[in-house]
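Below: a set of structures, written as structure tokens.
Look for chain A in each of the two complexes below; its partner is chain B in the first and chain C in the second.
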Partner chain A sequence: MLNEGLSARSPKPKAKMNRLYPLLLLVAAAMFAYAPFMILAAPYESTMGLIQKIFYFHAPVAMTMFVSAFVCGIASAIFLFGGRLGADRVAMAAAELTSILGLIVLVTGPMWARKAWGVWWQWDARLTSTLVLWLIFQAYLLLRRFGGPGSDRLAAGVALFGMANVPFVYWSVNVWRTVHPTTTVVPSLQPGMRGPFWYCFLAFVLLYVSVLGVRTRLEKRRAELEALYLAVEE
Partner chain B sequence: MRFVETVWLVTRKDLLIEARSKEILYTTLFFAVSCVLVFAFGFVREGRPLGDAAAGILWIAIAFSGTLALGRAFERERQSETLRALMMSPIDRPALYVGKLCGVLILLAAVELIVVPLVGLMFQAPLFAHPVLMIGLLLTGTVGFAAVGTLFAAMLVRARSRDVLLPVLLYPITIPVIIAGVRGTAALLQAEVDEPMARAWLSMLVFFDVVFVTLALWTFEPVMTE
Partner chain C sequence: MSRGTRLLAGLVLTLALAAPAAFAQQPPSRPQVSDPAQQGFVPADKLPQQEPIPAAPLVAFAYAFVWIVVFGYLWSIWRRLGTVEREIQAVSKRVTSGGRG
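And now, the complex of A and B:
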């Protein structure tokens, strides 16, 4: 523990990366400040009207969430089979972010659905797999929080299984309920809508990367502090 | 050959302990039967069960009693640290996992032997009209559920609040098994039997089993190493 804490002092290139995160955050913040103007300028969707504007935040957050889930799964695999502690910290940060992004998706989605479909919730493949993925990451965080010592390895196993589970959930719900009205939205977007959509996606990805970096660094500092406490007690 | 031998030894050990106490079998069986009864009060109106109730009740009963059996099976290993002893013995970890899985599967099969006819009887469901497909669904569904469950229950032996964490982790991951089991069974129970649909769900379950048993064999060693 002590050795890990001492040897984990940031080497030079890492320090440079760390200085990059505030910059990324600033860029993301500036992009978010400008995003409403781009969304306002985008053409009106003919049937849904104003409510369709929520799409510019809803879909990019959902895409970022799936990216985040895969980051967590892959980092967990690296931790489990390679034994790299850094990967575990990335996995934990990614899991927390997946949970927050998932919450945003699950709040904005029903708001849109209420106006567009007339119901808050539909048991279609995309909605259900998002909900299940979110539940798996809640379980992951619960395990890490209440599982006691050694739960990091167990949580890594859960993340790996959770990632492998996504295609199965998607397929099974798709066969169970094939009533999705919008199957392929993103490729069929109107030209005027495409710009703001990808702009928002980029903004969310930038925000995601910077928060992930900061959160991972925080977790590392916490581990170092714990190692130092242990060293003092000894 | 050594692999099969180890699997058999671990399974035989579990079955022997169970045969002497019969604790898990009796409690799980009683729990499954009470589950079916409780659902019967919720889903039977004026003497007739609602639409697809039988298929859903059957699989929920299997999932709930499976969770109970898994928790008890590994609680037994924890009490006198016998799981640690097993882990210290010079045997293949995957063989240990498969051995435990077989033990759980045999236990669940015994429970299903009672619960399936019971559901058929109470909900007037023709569960044995297509025995091959039905047994296939039950077998693959149980294997899928137990494959994930055995791994999670084994790794939770070391964790705190393991009793509540097992269902919390297990149910979201086994949702595809539940959907496939319920929809496949429902396809066999409806007025016009939809055999191609049941077969599609069966193949989905086989695919799920292959992927998750492989993953479990692969992750069992790193997860269980302290």
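And now, the complex of A and C:
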């Protein structure tokens, strides 16, 4: 009976969603295959030259990281206050993705900074708050991994703090004096730069949604495996 | 303690407390030279032809890093999902054989 329940096919909407993720992944892969041509065709920035090309991946990844932190925070709130286990799985997947995206931002940024500012790292508000955001999600993952029973609720609280940090990271460049470009850069992009930028952002969002779906499925299957082990023990 | 000793002790204490502030307000011993052109003029044709920090390796590394991380993460999900699926199948078989026995 239990075995039948586990091997039974998912309900139709979920099965459709499971088929949608590989399709989204393929679309994202096709978009990324064309992205270098758009980035190369984009005009060079007058003061930074070639190094500014990092912007077309660095900024969209950072924006996707913000989206991911919000997804994790909102899903954690639904889990904390609504007790929905599905939301907890989404939060876990989003936290891992936020950590991965944060790592990309924190490594590609210094590559750009080394040439543009002459230093790998600057302890200014934007860079430091981004590092803090990344560390919060590392704390979330460590809690989930080593926290023991009850760590899921504790980690959900940490995720809320992570989400709350996002507006500070975003506005830090406008409030404090920093060497990092301000938030006016993206809205004021020249047409030749605007196209590749939003194209890369869309590609990263598609990649994010598809990977989030697959990663959430992994959490679901893990929960099913745990239930199965418990059933065997009983 | 005599009045003179107390006065001397108070003076020493005041100096000790004021010393960090006094040192903090000291001007730098030498003026900072921010522009190399202030120390001597260099003709433009004497400048090195290469960039001091080449951009191409940094751009290449940044893009390569993105792809290494993305593919590495996709591979790790695929591997973990495969392990869980195999484990589910193995435990399901145990449940089925246990039920028959």
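As a working rule, the second predicted complex is superposed on the first by the 206 of 234 C-alpha atoms of A that agree within 3 Å, B and C clash if a C-alpha of one lies under 4 Å from a C-alpha of the other, contacts with A are read in each partner's own complex, and residues count from 1 in each chain.
Following the convention adopted for this analysis, a residue touches a chain if its C-beta (ideal position, glycine included) is under 8 Å from a C-beta of that chain, and two chains touch if they have at least 3 such contacts.
Note that the structure is a prediction, hence the values are computed from the model and not measured.
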- Identify the partner contact of A:Val107: answer first if only chain B is touched, second if only chain C is, both if each is, neither if none is. second
- Query: Looking at the overlay, what does A:Ala164 touch: chain B (first), chain C (second), both, or neither?
  - Reply: first
- So, does A:Asn174 touch the first partner chain B, the second partner chain C, both, or neither? neither
- Message: Tell me the contact category for A:Ile54 with respect to chain B and chain C: first, second, both or neither.
- Response: second
- Task: Could you please specify the touching residues of chain A with respect to chain C in the complex?
- Result: 2-3, 6-7, 49-51, 53-54, 57-58, 61, 100, 103-104, 107-108, 111-112, 114-115, 118, 207, 211, 214-215, 217-218, 221-222, 224-225, 228-229, 231-232
- Message: Per the contact definition, I'd like the list of chain C residues that touch chain A in the complex.
- Response: 53, 55-56, 58-59, 61-63, 65-66, 69-70, 73-74, 77, 80-81, 84-85, 87-88, 91-92, 94-96, 98-99
- So in the complex, which bits of chain B are touching chain A? 148, 151-152, 155-156, 158-161, 165, 168-169, 172-173, 175-176, 179-180, 183, 200-201, 204, 208, 211-212, 215, 219, 222-223, 225-226
- Note on the structure: Counting only contacts in the complex, chain A reaches chain B at residues 80-81, 132, 135-136, 139, 142-143, 146-148, 150-151, 153-154, 156-158, 160-162, 164-165, 168-169, 171-173, 175-176
